[in-house]
Structures are given as structure tokens and as C-alpha cells.
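Chain naming follows the written order as A, B, C and D, and within any one chain the residues start at number 1.
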Amino acid sequence: MVTPDLSVSLGGLKVKNPVLSASGTFGYGLEYMPFYDISRLGAVVVKGLSLAPTPGNPPGRIVETAAGMLNAIGLQNIGVERFVGDVVPRLEDVGATFVANIYGKTMEEYEAVALRLSEVPSLGAIEVNASCPNVREGGMAFGATPGGIAALTGRVRRSTGKPLWVKLSPNVTDIAGIARAAEGAGADAVSLINTIVGMAVDHRTRRPQLSNVTGGLSGPAIKPVALRMTWEAAKAIKIPVIGIGGIQSAADALEFLLVGASAVQVGTANFRNPRACVDILEGMEAFFREERIAALADYRGGLRMENSP
Amino acid sequence: MTYNPTRFVTGRIVRNEGRGEIFYRIEATIPEPLRFVPGQFAMVSGWPGNDPLLPRPLAVFRSGGTRGKGKIEFVYKVVGRGTALLSGLHPGETLSITLPLGRGFDLEQAGRTYWLVGGGVGFSSVFPAAALLGRRRNGFEMFLGARTRDHLPPKEWTPGGKAPGRTHFCTEDGTAGYHGRVTDAVLERMRELSPEAASRLTILACGPKEMLKEISTETLKRGIPAQVALENHMACGFGVCWGCVVTLWEGDRTAYRRVCRDGPVFDAREVVW
Amino acid sequence: MVTPDLSVSLGGLKVKNPVLSASGTFGYGLEYMPFYDISRLGAVVVKGLSLAPTPGNPPGRIVETAAGMLNAIGLQNIGVERFVGDVVPRLEDVGATFVANIYGKTMEEYEAVALRLSEVPSLGAIEVNASCPNVREGGMAFGATPGGIAALTGRVRRSTGKPLWVKLSPNVTDIAGIARAAEGAGADAVSLINTIVGMAVDHRTRRPQLSNVTGGLSGPAIKPVALRMTWEAAKAIKIPVIGIGGIQSAADALEFLLVGASAVQVGTANFRNPRACVDILEGMEAFFREERIAALADYRGGLRMENSP
Amino acid sequence: MTYNPTRFVTGRIVRNEGRGEIFYRIEATIPEPLRFVPGQFAMVSGWPGNDPLLPRPLAVFRSGGTRGKGKIEFVYKVVGRGTALLSGLHPGETLSITLPLGRGFDLEQAGRTYWLVGGGVGFSSVFPAAALLGRRRNGFEMFLGARTRDHLPPKEWTPGGKAPGRTHFCTEDGTAGYHGRVTDAVLERMRELSPEAASRLTILACGPKEMLKEISTETLKRGIPAQVALENHMACGFGVCWGCVVTLWEGDRTAYRRVCRDGPVFDAREVVW
């Protein structure tokens, strides 16, 4: 049988398949080369970049929870200059399609990072983290209201010609409204969800388990919420939606595509299984073959609502 | 230091047994033999379901096997849910293992005498170093500390080799060997050394944080190089999540560095306690 | 050693200990009598009651998810009249302290149910479900904004002299603001969280797994989110907060008390372990004894924030 | 119908073995002997961790024991994660069990002949009925259907007793017994009955939904009373979550009723298919 066509356009970035890595769980991509050739992925989304290198939060950064984990890394990263100077050439060498996830303390900083990255011809897209719950300045303020999202998106939009993805926070009452605001302000795609704000304490020591007190919940625990929000966003907007949250298997990824996502990002799953992304990709290909689905487009958004379930 | 590149493999459990009062040893076959540096570790999971979600870091205790068939061993103590689940796995069941990981002990310095200090289950990274030094006929002494006799590693696990260094067992309650904390034993023994002998000494240590801190302070005072193997909660184990950082000195500033990739073994002088 | 004093006042209802059952997971309470004497609990919160009996949603009501479950029961219940006539006398017989969880399609219906229940002298409190995600009229509209919560709370407040608890939805951007609105409008306590809206689909049949398409996520998966929201609400208001979400063990319950909850409700845990509530109560008593804590008040809200963790 | 009140107990696994191609039988000791009505079930869990979260409903297959010590058996087929985990448990490990639950088959009607129909793993609720009827010397016949011979219950599980009814094995591929679906076998056999014999007939059935639906339609046509054991996803199993409802006729209206408490055995006439 012919190989199914898994390619899809993600707001101006055409990728060969819809399996992407999620920012912050994939380092700068190269760390995964011992496990497989990362150029096989639709795209590699790298760790969130800021203008200057950022030290991140003090230790006490991760806690395991039921079928999930909380993190409060605080966006430790090498800064956009070193990324462009040291990392980009190596990503080019391995032939990976890559996307930069960015954040700033202020709108100006977002803008500056986007400007600098726009000079990198090989960069596939810019993903604006409008939603990091772990740093006061991680865009959470911008991400929580349609007005904030529109302002931030518009600002970055004007500073770059790269495909612009806006990554949305799940910590909101109305995800559809937020997605519409991003679309209206010029986003080429939205990605969701980022982590859900959570907390863990030790009942004996009576202390928070994270230095930052709260952190972001990720992993299988949040999948049902992520799937619902992906569905709501996909119904609300016309630009592509990239689904994220608790995806561990090809079946999980297919669920997101079914409710309307154009692609998915795989995050926490990479920690337990460093080959998670390719395993998912291969599983997806096998499923399409088995079900004789010729192209992603024939499956995507195909949720059947008549007399469910 | 040559060692095999990191791989994600499936292990099949051959043996998983409690030994002594509190330790378990698990042995699994893996697709290929592994070379590792003592102090390196693996991320191990294998229980079904997503809870607990994350793999657990365990020091590589032993590896072996011949071409086309590897063997790997870990020793562990049951302290929580992950290790409890591990202890419930049976021969024939599988493990998911990423290994080898991190920077191990530097045992390649010419003309040094090594003292290996293991507190609690810390012997798991110290024994492989002892085994290697023993094979090389490189002089070493080993100090093993525990609360009571029952908390010491079973004697039969102590590595032999051609030149098995002298081993000092220490117990806090005096039920075996030296009566007192392992650090006290190390310090006492140090006092017996000639300045010349002390100048050739390198200390490798793995164990509870308090122990490592004391070893670091005391060796620093005396100008004796020490390498300490740190622990921290880990999500990935191979440097991508930035969850496992500790604070290190870099010149006169501090920085957050990853235990899993920049360590777990650090120069004692670098660590901000 | 003396028995620790676990009693606490929950907005006018004094309970002998802070372990309550969560609405919808405990039937009308009596179903648990084969397992233990439910009068041992701080209070039994019964299944959500409406004015008339309600059939609920069609089958396809529950799905298991990672460390959690989705439900879309649709508030099937016997209606307030049968509750008062048939159930109340039996709850009185067993000596249980009980609380009625109520909901309505309209403000008027909420009011009517509250009025009817106010005539029941043995009823301990009324808990207003301002947050059921599974019926359009389950208060979700009221629960999503401070204005909505204030209006609903005020309305019910004027119709009853019973202690009034308002149960909050986690599906909001700012839980503290919602909690303040409930407090301002006359709630005697707030309870949170209700379930988080989620979704599950079958990637093969391409259908939703719930007849209602979306459902409410509960269980250990949501505990970190529930704990964080409980903490935020407790900091924001002066009336008691009742913590709910993923509590399975005494340790879990203590965590909620530590971050400021006055009591907890145990929900999904009752399904796997019908004795969950008493197991938690006994574990809590043992902990207080061990740690020589004389009274709940000495532990509650005692989170240590200095140089965490 | 007298039976023990519902309890939540800890079982210790005595045996957990695969039999034939696809079935497992698990046996556990429980604190006290249990009396149950055939068709009643238990909610069973025992795997560590919270994933899967919910216990699984399994028909009580057999119970026994003497005062102060009970024994309980279930048979199951591995179809997903929960049953896979169950099959991985070992003797000595524990199960959490709530039992007995639900309304079982009504076997107390005087002067009736019972036909017991089990499709797939549905034999698990039908065998206990057969065992009881056999002990009582109450005439019955049993029809067991499966896709192939390998999907039939192992012969040694078939209950004996003083009056073991006649058993008709049916396979869809003809590898054993009657070649065809079990419902066809039932219908063929029905045609052999005198009207008088047919009027004494009661059918009890457990199996796939399609099978139960067909049995219901056919018995309804002929005015033969039938009791069908339904399945549904369950969270609690004892009537509090309202998650397991099916649609039933109540007079000329329909209502949602709980499989776990109002069933799992329903009068075939009530069920809205």
C-alpha cells in the first residue's frame, strides 16, 4: 500500500508529519540524537528562549503527581544569541525542521527575541509562549485575557515574517475566546495546552515541594482537559490548532487530530520514553495504513457527533 | 573515558531478590553488553500504568555479557512507591532502561590513591569504582557506613578482584565494624597518613547529603581532592528537562547545573551546600 | 494521649471532624451503611438535588482516564420532595450530619429548592452547585464569572437561613476573584473544586466516549490543581474553604488543610475504596496523635513559606 | 434470596492461572465465607498505583471456605489494561474486593426448567447458576457459545453436581460442538420442545450485547420469560455514582437504571435495546 501522506501546513510551515516535540521537554533537540534521528519529526520545538540567558528557579523544580508531574523550571535557557550561534548550525547539520519557543518579561522583550530569530533563515516558525505559569513574566499576564493575547500577538506579528504560532494557557475560563483573539491579531496557528497550574506540599515538613510554590501540571493526567480545549479551539478558529497535553501514544495523538488538531506536540512522554515521538509517528503511520486512510486530511477533524457515543 | 553511547533499551528481568534486611538486587538482560564509568546511572521503569509516571535513577551496579547479549545489575533500597513497584517485578517481566547516563567518577588520574566512601545505599556507585580499581591493581581503601549492621550491604556483594582494597565497615550503633559515622572513620584514618601519602589521596563519595557535605568540608580544609556523587529528583535523566539542578560555584558566581548531565559526580569544591 | 480535637465550624455548621463526602459520589449516604457507620463523618453531602426528579444524561456517562475519570451523569436525582420525604428520615435515623447539594436550571429553581430544604430542621447546610459542567443548566453559566456567582449566591442567600456553602468551578481564570464574589454575596463557606471539563474520544470509532461529549474530570489526576485553587481561595477570603479534588488518603487530606482548607470532601476515592472516608479520618487522627497536635486549628493553614522547599 | 451483605474486603491471592487459550482463573482467600446469588458480581482491584483508577466488575464464579476463612474465585479474559494487570498478579499479593453486588438471576421460581445461555466469557455468571441448579436437582440445559474451540471455557470448569444438566457447546467456526452461533442452537433446540415444555421454560443469558438482544427478541416473540445479565462500564459498582445506567422500559416510558444495583440481571422485557 502507498505510504499515507501525513504532511500538513501549520500556519505557513509545511511539515512532513504532524508529530512535533513540545517546548521544554526536548532541550534543544540535539540531546535526542543518541535515540533517533530527530529530522524524522514534523518539527522540533526547542526550549523557551529569552533575550538574555536565564538562570531559572532555584532547585526544587519538579514533583511527580498521579499520572503527571509539576514543573517550575523557570525557563532556564541559554538565551537567543547562543541559540542562534551554537545550536542552530547543529540543527541545520542534522537536517531538522525546528521551531523556536520564545518568551519575554515584557512585550518589548518578546519583540526583540522575535526580531533576532527572524534573521535565521532555517528557522521554521516562532512559537510565542503566552502562558508559562512558572515565571511572573512568562506571559501568563498576557495569556489570561483576549485583550492581552491580542496585544502580545499583534506586537510579535509586526516584528516577524516567520510563521507565528501562539501557545495558549489552559488556565482560563474561555479558551475559544482566547484562541479567537490570537487569530484576530494575526497568529498563523495556535498551540495548546501549556501546563495547568498546580501545587504540591509535604504534609509532614509543612512546606511546598517546589521552590516556586506552584508549578505546571503536565502528563497523561491532563490529557482529557487538553483534548477538550483543543476541540473547543478548533471549532472556534480557522487557523491550524496544534494539540498538546499528555500525549503518550499514537492513539492519544490520533484523538487530538480527530477533534480538529492539525498536528500534535509530545512533551512529558519524552522523559519516560526518549523515543516517544518516533514511536508515536510510527504508530500513526501504521494506523493510517491499517485503516487505509490515504492522507491526514481524511482523518483530521472527523469526529462523528451523530447519536454518540 | 570511553563508554557506550546512551541508549533506550528493554531489559528482561532475570533475577530480582531481596538481600539482607533492606536491599534488593535486580538483574536483567539487555540487547548488548554495556561499558560504563563507575558513578554513571540509568533511568529505570517497568511497572505498568502511568502512576508513578517517571522512571527512577539507579546507579549502574554491574554490567556484563558477551557479544549480542548484555547483562545489567542494579541494587536498590525500597524507599517509596517506585522502588516498591520495582521490588514487586518478577523474572521474565520487562524493564525500560535508558543508560548509561551522566558523568561518573574520574578514576583516570595517574599515581593517585583512592578512598571510596559509601553511605547507605551509596555503595551502589562506590562498588563499581572499587571493582575497577581492584582489576587495575590500583591501591584503594573503601569506607562503608550504615545505621546498623542490617543496613550494611551484604558481604557477598563486596567486589573482590586481584587487589581488593581494604574495606572499613562502620555502623552508627556499633553493631559491626567501626562504631560511629563513616565520616569519622575516614577522618580518623586520615590522621594516620603521612603528609606525603595524603598528598596522593583522592576521595570519591556517594551517600546522604549530610555525609557528602561533611566529606567536602573536611577534604577542602586539608586540600584533598574529592568527588561527590549527588542525587536529585529527576524527570528525564538525560539533560533535557532541567528539573534536577543543584547550585554550583562557577568562579565567584553560582549557577544551576544538572545533576543528570553535568553530574551526578561533581568536584566537591564546586558544590554550594 | 488525649484525642485530638478535629471539630471545626463550616460557616455555621459545626462538624465533629473535617472529613466529608463529596456530592455525587456518595449517593444519598445510606448506600454506604454496609461499609461503615456514616454518622462518623463530619458530614455527608448528598447527590445534587433539583426541584423535580431529573433523568440525567443518556448512557455513556463515565470514562476512565489516567489516574482519573470523566463523568457526565447529568445530575440524575430523585428531586427534592422525595429526598425530604424518603431519605431525610433515614439519615436522621442513622444520626448523620448531612448537607444538601442543590442545582437548578434557573435562579428561580435554585431558590425554590433552597426554600423547600430550609424547612428541614435536621439539614446541616445547603451547598449550591454553581459549577456542574455536565448540564447546560448546572450553574456553569453562573459559576464562571464573579458577577454570576454573586447573583446566584445572593439569591439563594435571601431564601434560606441555613448555612450556605457555594461550590466553585475550577474552569475559571481567577478562582480567588470568584471566591471573593461568593463571600461578598453572603456565602458562609465555599467548597472547591468541582470537576474540570474534559473529553474523551475513540480514535477508531471516531466518536466521543460520553453521550454528552464532554464530562467532568475527577480523581487523583486533578489533585495538584485542586490544591492550588484551595490555597488561592483560602488566601483570598475569610470564610471557611472546603477543599475537594483527588483526595484519596489522610496525607492528601492533610495537604488541603495545610494550605488553608477548614475541611475536605472525598469524592472519586469512594468508588475504589468504599471505606475511603473513614480510612482518611482514622489516618488523620493517627497523624495528629503521632505529631502531638492537639487540635485541627493548630495545623490548619500552617504552610511554611520561608525558604521553601 | 438470602445472601451476605455487601462488604469491602482484602483478598489474598492463592492462585492466578491462565487456562486454555484465553481465560484466567484467580482464587483468593477472604476473611469470611460468602454466600451469593449466581449472577452477582464483585468490584475487584489490586494493581498498585492510580492508573487504572477504577476497580473492575467480575462475576462471582465460585465461593467456599469454612467458618473464619472464605475463598472466592473469578474467571476472566484479558481484554484491556485492568484485566492485563490482574493477570500479572502473583500468589501472596492482595486484591481489594467489594462483594457481593447487584441482583443475580432469579432461580427461585417453582416448577420451571432453566436454560442457561453463555456467550464468550459470559459463562462466568452462568456456571454458578448451573452449579446451584445441579445441586438442587433442578432440570436445566446449558448452551455455551464461542468463536472457536479455543474460546470455549476449559471442560474441567464445567460444573458437575448431582444433576449436571446437558451442555451444548457451540462454535461459530465449527471446531467444536454445534456449528453456528449459540442463539441458533438455542432456537433449534426450542423448536424440538412441546408447547407444554416450552411453557415451563425460563431462559437465563449472559454474553455479548448482540446475543442478549437476539435472545430477548426471540423469547419475547414466544412468550418465554428470559433474564439477561447486562454489562456496562462501572465506577463504583454499588449504586452511588449513577455511571452505569441503561435504558429500561417502565410502563410506556423509559428510565435510566443502574446495571450495578438494579441489575446486572434484568427481565428481558424491560430492556430497551
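Simple rule for what comes next: contacts are C-beta pairs under 8 Å (C-beta built on N, C-alpha and C of every residue); 3 or more make two chains touch, one makes a residue touch a chain.
What you see is a predicted model; the values in this text were computed from it and never measured.
Taking the definition of touch as given, a chain qualifies here only if it contacts chain C and chain D alike; those chains are A, B. The distance from the centre of chain A to the centre of chain C, each centre being the mean of the chain's C-alpha atoms, comes to 34 Å.
Taking the mean of the C-alpha atoms as each chain's centre, chain B and chain D sit 54 Å apart.
Distance between chain A and chain B, defined via averaged C-alpha coordinates, is recorded as 36 Å. One inter-chain figure worth recording: chain B and chain C are separated by 47 Å, centre to centre, where each centre is the mean of the chain's CA atoms. Across the assembly, chain A contributes residues 66-68, 219-221 that each touch 2 or more other chains.
Residue positions 49-52 of chain D each touch two or more of the other chains.
Chain contact topology: the protein chains form a complete graph, every chain touching every other one.
Taken in their complex, chain B has these residues touching chain A: 5-8, 45, 49-55, 96, 98, 232-247, 255-256. Across the interface of their complex, chain D is touched by residues 24-27, 31-32, 34-35, 47, 55-56, 58-59, 61-69, 71, 73, 76, 219-221, 248, 268, 270-275 of chain C. Here chain D touches chain B in the complex through residues 47-52, 81, 84-85, 88, 90, 93, going by the rule given at the top. Across the complex, chain C meets chain B through its residues 66-67, 220. Residues of chain A that touch chain C in their complex: 60, 65-68, 70, 144-145, 171-174, 196-211, 213-215, 217, 219-225, 227-228, 231, 246, 251, 254-255, 258-259, 287, 291, 302-305, 308-309.
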